[in-house]
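First chain written, first letter: the chains are A, B and C, and each begins at residue 1.
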Amino acid sequence: MMTSAPSHTPVLQVENVTVRFGGVIAVQNVSLTINQGELVGFIGPNGAGKTTLMRVITGIVKPQEGRVLLEGRDLAKDTINERVRGGMALAQQIVQPLHELSMLDNVALACGGAKTASVINSMFYTNREQERDRARSLLERVGLGEVTNALPATLPLGYLKRLEVARAMALEPKLLLLDEPLAGLNQAEAKDLADLILTLNKGGQTILLIEHNLREVLRICPILYVQDNGVPLAFGAADMVMKNPEVRSAYLGGHA
Amino acid sequence: MLYLELFIQGLVQGSIYGLIALGLTLVYGLLRILHVAHAALFTLGGYIGVVVTNTTGSFPLAIVVAMVAVGLVGMAVYKLAYEPLLHRPPYIALIASIALFIASEEIFRIVFGPFGLSYIDPPLQGQIEIFAGFRLKYGEILVMGIAIVMLSALAWLSAKTRTGIAWRATVTDPEMAAAFGINIQNVRYLNFFIASALAAVAGVLVALLNNLVEPTMGSVPSYKALAIIVLGGLGSIRGTLVASLALGIIESFGTIYVGHLLDRDALAFAFLILILMVRPQGLLGGK
Amino acid sequence: MAYEITLLTTMAISILFALSLNFISGFCGQISLGHAAFLGTGAYASAMLTKSSIPFLLTLPVAAIIAGFFGFLIGLASLRVRHDFLAITTMGVGFLFVGIVRKQDFLGGELGMAGIPSPDMSRESFMVFCIILAVIFAVFSLYIRRSWMGFVFESIADNEDVTRILGIDASRFKLAAFVIGTAVAGIAGALYAHHFRYIGPDSFGFVQSVSVLAMVIVGGVGSVWGVAFAAAVLSILPLLVQFIDDYKLLFYSALLFAMMRFAPDGVAGIVQRIFGFARRGS
């Protein structure tokens, strides 16, 4: 526990980000800092602008104002693959396994960052064993050690959610972004995956968890960020945040 | 006056493109299939038009027979060729469609001979003078008239009738439409019937303007119509019409001004590639 | 013997050409309906040069570079448009090529270029040369499939967005596929021009683009052996059976349609199903 205690080195900084689609404000003046080793839960009702903020962080949406920094470096000019190379990894809400590849190769490809960094160099490597070994241990770590040779299409959603996590971990990210990993899972599956997320964090992984499943978020996340209608409501220690009257009214139906 | 002349010639050509391309858009909007074989139905329409006119002497009857017959063939094409491929990656249906199109050109060649057919007594050959020195054939005026009537009828059908609403609902969200009790299969049949009937009319009219149908009559329009629906933003009816007319006019001017650099048919694609590089979603397409 | 030599040379050139498209469409999943334009680019470039007395062998790299350069431009286009849009764009490129060549007097215009010199070697040596090039590229293709480049191609063909999320610069890999595939098509074009000694705009039209795509698909998208086999058979079938020659297009298109309708994964897929191989041996 002590070795992985959060420090105060910022990994991700979102500074005064505002996004407008046409005239509609989707995200308004959001600032957010995630430090080394933290597990931050990002919650908010439907239409809170969670997905939009996520897309700003991954670079799919360009904000009109504000900026996003990873380890102090402005990401404004980086494409998504450059952000990933820079130390950000994403497990998507809608699982997207590479269907033609085995579970093992899905992860092995992500493990081969050094071999895929340059097009020319990629021609000169054929050996995948090292990457497959690492992939195997990652799959075991997320509880998929039994299905390494299966094709993703043959497996249920819960497995593919874990594959997303393993593939993101394979990138050895400084920041792991989890976009609603628990969505679509039943209660037992959700609890298992939430436990896994907590374990990863205890191992030192910095995580931003965007999630709808309030029960699991409250169970595992020490820090919460709440947003509603694109406006930040609260950010801080979980128990303090949940006492915030604005947060309570947002969740208990106090708004239109 | 040259400009106006070129402009009107462009509109005539654009109306024909519109009739062909609209059917393609209807099919693409519903099934996400690039229906190249659509142009084979256009050619078939031309053949039926000439054969019926020559045997019965009635041009209006020929139009009706061509529309109904080709409409039915279009439904058969859907049933036999596309329906089994809907769950495959889209390029499978595209290539199947290209194959079907090339095969039908060959079949036309074998059945009707390689040199084409003409009207024995071509109807609507009279001309009227629009202004000094510029005449339009009745046939050309008919082309624009029919295009306007057909396309307005379609707009009315899709906006005001139950069938039209069911069709639009199916295009927007097939699963939701099915949940509301819309018979998706019937919508698709209707879609292919209408699209093919429009192509048939275009075929009959082109056969009239050139007084010739030949096996390869569809090849240029087929690929050009694809360019048009892509320009129009794939699946957008309004975009397709705008792109059809625009292309007709651009070609009309282009053959005069850049005809020495590239031929008329390449012009359409030069325009297409240019637009796509600037607006990858097409002229009027949404994101 | 001369007849067999012609047959084998034609076959080897077709295999090289089909494998070059397989590199782009089969490996990297980028559909192209205008690949014949690159065959044509190489053919015209090489023929122009040998007609001005430059040795044939020297024209091969030039043909590859020019075709590859145009391929690079199409690759850039593929970064803007995808799937159906890419299919139509590449088709447009094919039409554009024919449309432009037709109007250029220095390329022979509508009539094409006749009297292309023979490739400073005997017909036997030329056949062997073509076969060697086809074999080299087949081996190269098989190697690339095993390499990490091939691994990334497979991923892009499967899902380009996911490939990017894995930190891979998919754009550069796509460009590489286009450049390599079109450069090799350019070499195939140079061989083509000096094999038939006549080229015209219609030698490189849409039908040729569809035919080569047919070879890739009938063979089984991505399968080097399947594509080489399909290219070999489809290229010489019309020459072998005169009856088929008259109905060549009907036969081709019916076969292509039947493949799409009943066995979209091609000959390689059929073989795999019969022998129950794993989906993709690695």
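Everything that follows uses one rule, which is that a contact is a pair of C-beta atoms (placed from the backbone, for glycine too) under 8 Å apart; a residue touches a chain by one contact, two chains touch by 3 or more.
This structure is a prediction, so every number in the text was calculated from the model and none was measured.
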If a chain touches chain A and chain C alike, it appears here: none
Most distant chain from chain C, judged by the mean position of its C-alpha atoms: A
Inter-chain pair with the most contacting C-beta pairs: B-C
CA centroid of chain A to CA centroid of chain C, Å: 42
Averaged-CA centre spacing for the pair chain B and chain A, given as whole angstrom: 48
Chain B and chain C: spacing of chain centres that average the CA atoms, whole Å: 31
Chain B contact footprint on chain C (complex, rising order): 31, 33, 77, 80-81, 83-85, 87-89, 91-93, 95-96, 98-100, 102-103, 206-207, 210, 213-214, 217, 247, 249-250, 252-254, 256-257, 260-261, 264
Contacting residues of chain B [partner chain C, same complex]: 32, 34, 81, 84-85, 88, 90-96, 98-103, 105-107, 110, 219, 223, 226-227, 230, 234, 260-263, 265-270, 272-273, 276-277, 280
Chain C residues within the chain A interface of the complex: 143-144, 146-149, 151-152, 154-155, 157-159, 161-162, 164-170, 172-173, 175-176, 279-280, 282
Complex contact set, residues of chain A against chain C: 79-82, 84-85, 89-90, 92, 96-101, 105, 109-110, 112-113, 115-116, 119, 122-126, 128, 151, 167, 171
